[in-house]
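Common to both upcoming complexes is chain A, partnered first by chain B, then by chain C.
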Partner chain A sequence: MFSGSLYSGELSELRKLFEEIKARGYKIIGPRLEDGVIRLGELEGFDEIPYGIGDIQKPGYYRVRANGGRFRSPLDSPKRILYPPELTLFRLTRDWELERPEYEFEATALFGIKPCDLAAIGIMDRVQGELGDEYFLKMREKLLIVVENCVEPSENCFCATMGTGPAASIGFDIAYTRLDDSTILFQPGSDLGVDLLGELTLEPATPDQIETLRKALLKASEKARAGFRLENLPDMLELNLESETYREIAERCLGCANCNMVCPTCFCFDVIDEPELDGSARRIRVWDGCHSYSYAQVAGGHFRKDLWARYRHWVLHKFVYWLRQFGSFGCVGCGRCITWCPAGIDLREVISKVVREVGEG
Partner chain B sequence: MSGEKNKVRLAVFKLTSCSGCQQQIIDLGDQLLALLDRIEIAYFLEASSDAKPGPYDVALVEGSVSTPHEEELVKKIRENSRIVVSVGSCATYGGIQALRNWMDFEEVKKAVYEKPELIEALEKSRPVSDFIDVDYAIGGCPANKLQLLSVLKQVLIGRRVYQRGEGLCQECKRKGNVCVVVAKGQPCLGPITREGCGALCPSYGRGCYGCFGPMVDPQPGALARRFEDLGLSREEAALRIRSITSWSEPVRRFLEKYER
Partner chain C sequence: MKEVVGSKLTPVPAEVIEVVDETPDTKTFYFKPRARLENPRPGQFTEIYIPGVGEAPVSVSGTGPDGVIMQTVRSIGTLTEYLFKLEKGGLVGIRGPYGRGWPLEKLEGRDVLVIGGGIGLAPLRPVIKEVEKNRSRYGRLSILYGARTPSLLLYKYEFDEYRSIPDSELLLTVDRGDETWTGNVGVVTELIPKATVKPENAIALVCGPEIMMRFTIKALEREGFRENQIYLSLERRMKCGVGLCGHCQVGPYFVCRHGPVFPYWMIKKYFWVDQI
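And then the complex of A and B:
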């Protein structure tokens, strides 16, 4: 499970790591308690990270609890930072001159994001990155990533099924695990990570600690599962395109696209041209989603008029088409679409049911 | 006609309403002044007693049609205007006063007025679009001044007005609000309501009450069931959804089924 080396240190070393990153001039973005939820935001100090505060995530349900436990995927995913909800693409002056914004970003550290969100950034590298999204690419090259492995997934997590967690394996500068309240295990994932960890007082992890970690991750991995398996999943879904399950779900689905918005990989957008009084105009990109009615409305018609077809398209894109487009699944198992669905629809149940129907034939 | 040269002639009319939407126009402040370079306000009684006759390029109509006089007025507005925009949920859906459409008209008159026989009103409070063709419609109680400005700016450059008619949840999530349904168990009409207000109420931690009217392809039935899960009675759920835009077609269709 661990190709790199593991080092152990006190919780104070994690604080030292935070301060070292800050001292090197990074803006730090990480989990913080705000508006009654844990979400990503800029952190001034280490103490803002709500260690010791847990969350309860169930379908359509989110609460924090102050009496301990751990927090999981925060409301915001890195998508909000790397691919903002509203972005001016260019401004056209009155004299038809095109003014493109120049993106300059300061060095930014994502501190304590989860392995599922790290995997989502990996997917964004293949989508936004390869498609040449300038904002994304400029921001991305300034990014330092410190990832926190999960030992207590929520009821909605299914990273183990998607192969993205509970531990991060690639694509980070540093990964750490809070083994318990006082012991942290650190793992470097890049030269920069090695350099940063060199500033801390760490010991090589003992065989006992590694065994404890292994057990904790194994337990987490047993919990963070969906009722379906990835083997042959795309084929199974394509074999049952006409499943009644999609129509049943559409009776509960609100078509509100909250799932699209909170998904760390959903990248669809609408383009709005906004004229100004001075004769100029701005072209703005805004997050959109395949659950939107107007999303599949084109000149001359509409190719997904029914809500069930829009819901089905979302499932099929994530679990079938994405593989062909980008070489991986489009889902990382973070569970946000389940937690933040106002109707409490559980994507895992939908997929399991559609797959089960194939077997029942 | 004493029109100012090369300016778009704007008229603002009020039917049955509270004038709140007209206040939004005045509240544009500096942006309204900037608009005046391109627009001549030809008729706007809330702002000026200098009322000039038509024809008008753009007529903004606030308020629902609820009297025979207003029915005549909207027809004249249509004849006299190149573009008609219904502004706010009264003009666009019939408004909160359309709640009386669900009651006995004579009873309502008796309950409100001492001499109901003097009241000359239509039996129902209805949207402007029930009587005339409306080019563009925006909802809201009141309308959002920035959305209104956006419509005017688009009209000024002569393009067909583009408005996303999608659900408020998208605007709310883009803004970064925490979902009050999920995180607080509060009923919220956001999942069926048209965006455009900037997700005002959820930004202050309370549920949307749907004043912008239904989004495209709304699912009020699914939302009502969710409200019941959250502990609302069937009556309470219906009341929430009925609210300000009860006479809009999707809400009407839903209520007729749900309350049966």
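And then the complex of A and C:
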């Protein structure tokens, strides 16, 4: 997959793009303000997108402010749309008749997701592979992606370290950047993207606009960094499996698995039975997270009964094992796990510390 | 257009056609699936489903005509408690078989050292049956089997059959004997030096509680077995069985898909790390 050249247009062209996608029959999912939090949800109209509303994200901290600024990764990632938190697999009657629910797979557009989340979709593609979750694969077939590049990352963002942002590079239909309040730069990333942009009133981007974009992305990229580098990171972490840092973190960690739930790539699930009054049972796939107590528990035993071991597993899975399993890191640097951690634990600091210990040891 | 998803996690009904009491807390079930499952290879497992309760991964201990699957279960949790209430004619759901089993192709032409602890003999039984069935393909067979007490030994009714396999031996031990026990008393690792199968041209297959496997590895290495001559079958929470749910990870491996049987060298780096 490749991306095309840059075009510029007025803000009204972004609205036109939205309306064009809607006119083509897509269900549009994008950022919207819900109870003081920006989430991903179905958008009826372009005006529901909270442009002009900013968010403040810090470790364990999230607020929106209506007096301008920009919003970053919403609470929900595309995972919630493509890989729902709860999915009924089947219902088994008392007479062992298996009923399997049917799901409607509509053509869906993700509008205004961030480059980190786009990268997360790419990671989910590799995780699920061709034989993975059927719901995900079906949703993915008809997915249109319009991604918004980030020129103002939050304090918790580290996409530049993970190589997933602040600008999207591949895997989208259209990327756009809100250069300022009135100018949008558009870039097609697929045949369909070219087609859609063809419906808008656009001019090739001017050298000045491109220079402004370059500077903005450079600045964003300098900000969206963690204190560690990716070079040799998996080895550094594996050489320090017994790090005391994991135990220190576990003293603050609540084991709530919020980080797992908001993570755009965490894919673990449990399958639970819900008995019904008529004697039938519904079998439901639900998200699970490696921080939850029961995650590695079996009848008569527990493979990670201590919280520090569960926290360590999470870090090692994202930054060591994932590469061996799926050929990339399992983290896109969206910062959600830092924002939504009730204890404000900063994953970036944990990793930096464990790596530093290798040098000191 | 509406579509159905999730077929991979759908069990087929299977009828209990026989139940054998093995030990005070362990039974062997013979299940006849109503739809043909793939023929399990030695060391593989299935997911057994009780509606309204849930699923559990259970290793396959044998196969019979018409797709019958033999599985030995210890009553240890909620699901097995329900399973134990089933009698002949009862129904469960089964998915599978899953996982990579014992390396039969590596065993060909080599001596085979089978080491089981307690219920750990269950996934090893198909190897013993395989060696018995295709005797000329494999070298000498030593079966070392230990349990806490004589009453906890599985498949006692077959021991004479194991002993009668040509060029083989069955060495038993228990941690604590009783009035009828005249054999070895001690842990299974003490049998390793007594086995007639020696490390030259041999493969050791080990299954038992993790602590037993740790001591067994040490004992095997003392005898001269290399890391690639030792295979272990690991237990983890294999919830989905198909490498998607994440629960059974050990290091970078999904035990359900990359295992449950691993050559020791592949997991050594993680095997000794507490709660990895």
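Everything below uses one rule, namely that the second predicted complex is superposed on the first by the 355 of 361 C-alpha atoms of A that agree within 3 Å, B and C clash if a C-alpha of one lies under 4 Å from a C-alpha of the other, contacts with A are read in each partner's own complex, and residues count from 1 in each chain.
The criterion applied here is as follows: a residue touches a chain if its C-beta (ideal position, glycine included) is under 8 Å from a C-beta of that chain, and two chains touch if they have at least 3 such contacts.
Remember, predicted model here, so these are calculated numbers, not experimental data.
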First (chain B), second (chain C), both or neither touched by A:P342: first
Which superposed partner A:K318 touches (first chain B, second chain C, both, neither): neither
Touched partner set for A:D270, first chain B, second chain C, both or neither: both
First, second, both or neither for A:R32, with chain B first and chain C second: neither
First (chain B), second (chain C), both or neither touched by A:K353: neither
Partner chain(s) touched by A:E134 [first = chain B, second = chain C, both, neither]: second
Partner chain(s) touched by A:K79 [first = chain B, second = chain C, both, neither]: neither
Which of chain B and chain C A:R178 touches, first, second, both or neither: neither
Partner chain(s) touched by A:E251 [first = chain B, second = chain C, both, neither]: first
Overlapping contact positions on chain A, where the chain C interface meets the chain B interface: 270, 272-273, 275, 281, 288
Of chain A, residues touching chain B in the complex: 35-37, 39, 60-63, 75-76, 80, 85-86, 251-258, 260-262, 270, 272-277, 281, 286-289, 292-294, 307, 339-344
Residue numbers on chain C that touch chain A, as the complex places them: 1-10, 13, 51-56, 74, 76-80, 91, 93, 235-237, 239-240, 242, 244-247, 249, 251-252, 254, 269, 273-276
Touch list for chain B against partner chain A, complex: 31, 34-35, 37-38, 150, 153-154, 156-157, 159, 162, 164-167, 169-170, 173-179, 181-185, 188, 190-192, 205, 215-219, 221-223, 225-226, 229
Parts of chain A lying in touch with chain C, wherever the complex brings them together: 87, 89-90, 92, 96, 98, 100-105, 128, 131-135, 138, 238, 241-242, 267-273, 275, 280-281, 283, 285, 288, 290, 295-301, 303-306, 309, 312-313, 316-317, 320-321, 324-325
